[in-house]
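Read from first to last, the chains carry the letters A, B, C and D; within each, the first residue is number 1.
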Amino acid sequence: MSEVIRYQGIPFVARFRLSAGELMERFYQSLKAKKLTALKCNCGYTVFPPRIRCPKCYARLTEENLVELSGKGQILSFTKVYFKLDGKGNFVDLDEPQVLASIKLDQSDSIFFAKVCGEPKDGAKVEVVWREETKGEFSDILCFKVVE
Amino acid sequence: MRVAIIGYSQTKFEYDVEMTREEMVFKTAKDAIESAGLTREDIGTVISASTDFLDGRTISNCMLIGATGAYLKDETKAEEDGMYAVLYACQRILAGIHDVALVVAHTHSWIFNPHQVSVYMLDPLFDRQNDLLNDITLAALQAKAYMKRSNATEDDLALVSVKNLKNASNNPYALRKMPDATIEDVLNSKIYADPIRELMVAPPCDGAAAVVVASEDFAKKYCENPVWIEGIGNSCDAYLRDRDLSRLVSLEIASRKAYDMAGISDPYREIDVFEVTERFSHQELMIHEGLGICGDGRGANFIRMGITEFYGDCPVNPSGGALSGDAICATGLVRLIEVAKQIVGEAENQIDGVQRGLAHAQWGLCAQKNLVFILGGDYEA
Amino acid sequence: MGLIKEKFKKTMQIESDWSVGSYKWKAPKGYLDEYVKYLKKRKILGTLCRSCGKIYVPPREFCPRCFEKIDQKVFVSDHGRLVAYLVSPPLRKGKVIIAGMDVVAAGILKEGEQIILGMVRFEGASSVLTLPLINVKPEDVRIGMRVKAVWAEETKGALSDLVGVEPAEDVKF
Amino acid sequence: MRRNVAIIGCGQSKHGRRTDVSQCEMVAEAVWAAIEDAEISPEDIDAFAVGNMQGFGGIAQPDLVFTDFIAATGKPVQRVATGGTVGGSVAHLGYYEVASGMYDIVLAVSWEKHSDSAEPGATTGLLHVAFANLSYMMKMGMDMRSFAIMGLAGAAAGVSAYQAAQYMARSGCKIEHYDMVAAKARRNAAKNKYAHLKWPGCTADDIAKTEMIIWPMRFGHVCPASDGASCVIYASEEAVKRLKVERPVAWVKGLAAYADEEADQGESYQGTGVVDYSDQIGCIISAMKAYERAGIKDPRKEIDMAEIYAPFPHQELMFSERLGFFEDGKAWIAVEEGVTEIDGDFPICPSGGVNATNAIGSSAMQRVVECALQIMGKAEEHQVPKDVRNAVAHGWGGQLQFNTVMVLGDSPKRK
């Protein structure tokens, strides 16, 4: 058995700047206005976030199909998360566990994986909590809070 | 026209193995060819299986041409589980262009944590920006969704780990073995995201596996004990956001196709052993339902009543499954090999009288893709 | 008219990073580490495959042609032939950016310097090594010319010990 | 008896710096164009073949993210990836899926989104091929000067620059011949609405005026890093009858992809047994096997045109010899005589080829698409005037070591 020499990669981080496309650009602009938007297909399926093909009937979706969601939804399932990954492959324990839930937004058929603040129960109704000063980014959505 | 497995080899699953990936692949390929009683010259086509993100090398097969025995061979690389490479090898043989194919799959998880690679499988424009999301936390949401729809409890999840880690103690190739594992051991292991704890997650490791498949004529001429591939079913579900996480729809589709091809109407009775890829313990219960061997939402009954023990009516993962060691691209291929070993009578935890077995591989977050193989011995059906 | 490139609308960009430098790999012991050890003694190491006679330089642990492990170490000559070569234009500041670094401005390569890269096959080797071809003007370089290794004044067992190759007197028969 | 398989529809996205779409949208563009071209509905598709080089666009297993964009939900999807040849490998996979008898109609798509990487061109992906080697060489005492010198040749073209020098040494051609081939590519690309770099009426002198990167490679010789996707839809002979396809289709007559040893260095900077990078024994064997399987005895006579994967002009010359169209080292004569022009006796890359458009994942599949379009008479502006009975689609990749060869024809192969 020949032994081996272990070596580390030279320091380099590959940076990506991914083009979002027109639909997602409009979606992020609507976040700035504290609005959640989705696309409602003629077949009835509402896909969130917006994209060019309906997941159910594959029809072409455009800005005409745009609908605004209420920001309310229901928890399908949730979990208490105790760790994070640091991007380099290491587990990092969280100071205190955060709640992650798969949420079905009202009027939308897609699942939204989002953080939940407060103690959720299964099937609990939730509502989006916006960052004070939104910038049109994913982090404008702080979390979802339990409504009742 | 049928295809048969006529040779195989697997390495001991370890973490940070004292071997380069090139040497491990070379040894595995060479052993598989020898186990088929052939030499490299007999091989027509070579299909390797590894991914660029896991190996840390774009074109992860280009510097392994020598190691996989693919020098001046009709070669390609499947960028997913090695069982998909066997499916492609069968297609190359059934197309009548090749007679003998070598499939070699490997992953060295020491190179870069596969759980970190799972983050790059998320949609970068949306989900990837939620830094809580990775394969483990998504699996936790899947487990909770399944437990809500079925009668499964956390104890049932722990029982799956207990069964597989006990089975693994007889398996020399397994990484993680716990001969006297208990539910408490599993429920006390480090929590990642409830209900998922460390002993409920398949531990990524370094490993490789290889098989030689051949056409019906070649196998009959040169192999005393071929293992016939009688059915194959493959299906891929939608992306996470537009999919029912509480069930494995693509497995339901894939297993039906495999059963139809193999002429199986009642899998529970007609299949003697199951080797499934359970990356998380709750998935083994979901897989029972996806394979249609138990009622909808009744997956937990099997584990509670010991039906899936290797001495039970419906043995699942006598080898210890993925929970005993997960070399990502090699894990599904190892399941195929374990079923072949059961059929030729060379398996650890050997079940007697195995004529037909089922091997299953999954790929993607929350088992988005599922592939099912039905293998049969040389009995006169 | 000239080159036409269709312009496409620029939409919002989302950032994502991939820490490639955090990966780690393994190399076989007794091969490249031996090679650099002998570079210190100004010798070029290779491995011989006994069944097909290939000599791989730097050394390789198995032969793809014969699908066998090889570990017989041999030395190859430090004289060889030039198989092919590349010639860079005189290097200018701001023109050559490698891994985000202006190598001329950083003084790694000299302003106005012309680099000749030679692909050299040392006598006995079945492999080609790509090394700088120094002490010669680009117009005097010929395919197949004899070259010999140029060593660092004070070798320290590193790849940089073998600085490059320079023209060697051609043996006429 | 081997099942005959035909391409009944092709689709391409526009290739260029596609900052207007995401990777999923770009792939969907090509997929839905192919579905419409094949005049079928998504339900008719039995299985999918997909592939790209995932390190370039920053998404691991991207086909799992856009499964439901391309109507693949619930259906079998198989993924292969092999470097520059990935488009060809996906095309081969799609063929085998149908030829095996498992499926009747298969959609095969391959793509690349280089502009999503922040580093210029395709640096991230190309650097990542040998990033581990580089790290090990630094550990083994490679100095910064050698690192910079290696980057000098590597940044623009990688090991292809060495190959350009070796081919010139071997064939005795001049750098002007490289200029001619690059000019032909950019001229033809002007007649191809999907191409990236278009230069109507480009001449060898135009290319000769571009800056010398490292002799014998000028800036005008280097291919662009494009974004793009290419897609074909295969159908078995029975399916072609069942769908009552009247219009001409392109039949796959033979294919092969034999791999050579890596040319430059092993994965821990070991030496390899490849001395002359322009030998390309892998291409010779792949061509021989593909012609044997296609029943072609004399390639130059029986084949009417070829789409060769040549990001750099020397490769069109080199591979046209290895594919058996011209004598060893003599391809440059055919270029001088205009044999390989669109209206020549043996047109090569009428589409403008990879030198004008290179989304690495899509390029080798684009060659299959272009050959199919020529056979079906649907290449519009760059349709070659001569009658195309047989065409060869070629791809190269890896460290100058992989070759995919596919022979397409206007009639199924009869024993």
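The rule is simple: a residue touches a chain if its C-beta (ideal position, glycine included) is under 8 Å from a C-beta of that chain, and two chains touch if they have at least 3 such contacts.
Note that the structure is a prediction, hence the values are computed from the model and not measured.
Asks: Using the touch definition from the top, list the chains contacting both subunit B and subunit D.
Replies: A, C
Asks: Measuring between Cα centroids, which chain is at the maximum distance from subunit D?
Replies: With centres defined by C-alpha atoms, farthest from subunit D sits A.
Asks: Weigh A-D against A-B on C-beta contact pairs and write down the one with more.
Replies: Looking at contacts between chains, A-B has the larger number.
Asks: Could you put a whole-Å number on the gap between the CA centroids of subunit A and subunit D?
Replies: 37
Asks: Roughly how far is subunit A from subunit B, centre to centre by C-alpha average, rounded to an integer in Å?
Replies: 30
Asks: Just how far, in Å, is the C-alpha centre of subunit C from the one of subunit B?
Replies: Those two chain centres are 42 Å apart.
Asks: Mind checking the centre-to-centre distance between subunit A and subunit C? Centres are C-alpha means, answer in whole Å.
Replies: That pair's centroid distance is 47 Å.
Asks: Quick one: which residues in subunit A touch 2 or more of the other chains?
Replies: Those would be 2-5, 7-10, 12, 14-22, 24, 55, 87-89.
Asks: Which positions in subunit B touch two or more other chains at once?
Replies: 19-23, 56, 65-66, 71, 112, 120, 124-125, 129, 238, 242
Asks: At which residue positions does subunit D touch at least two other chains?
Replies: Those would be 18-22, 24, 55, 58, 68, 73, 119, 127-128, 131-132, 135-136, 261, 266, 268.
Asks: Residues of subunit C touching subunit B in their complex?
Replies: That would be residues 14, 16, 18, 20, 22-28, 61-65, 67, 69 of subunit C.
Asks: Give the list of subunit D residues in touch with subunit B in this complex.
Replies: 1-3, 22, 24, 47-48, 51, 53-56, 58-61, 64-68, 72-83, 89, 92-93, 95-97, 99-102, 125-126, 128-129, 131-132, 256-262, 266-268, 281-282, 285, 289, 293, 397-399, 401-402
Asks: Provide the residue numbers of subunit C that touch subunit D in the complex, in ascending order.
Replies: Against subunit D, subunit C makes touches at 1-6, 8-11, 13, 16, 18, 20, 23, 25, 27-28, 31-33, 36, 46, 54, 56-61, 63-65, 83-89, 96-100, 103, 108-109, 115, 117, 119, 121, 125-130, 132, 138, 143, 156-161.
Asks: Quick check: in the complex, which residue numbers of subunit A touch subunit B?
Replies: 1-4, 9, 16, 18, 20-21, 24, 47-49, 55-56, 76-85, 87-91, 98, 100-102, 109-115, 122, 138-139
Asks: Which of the residues in subunit C end up touching subunit A in this complex?
Replies: Where subunit C meets subunit A, its residues are 9-30, 33, 61, 99.
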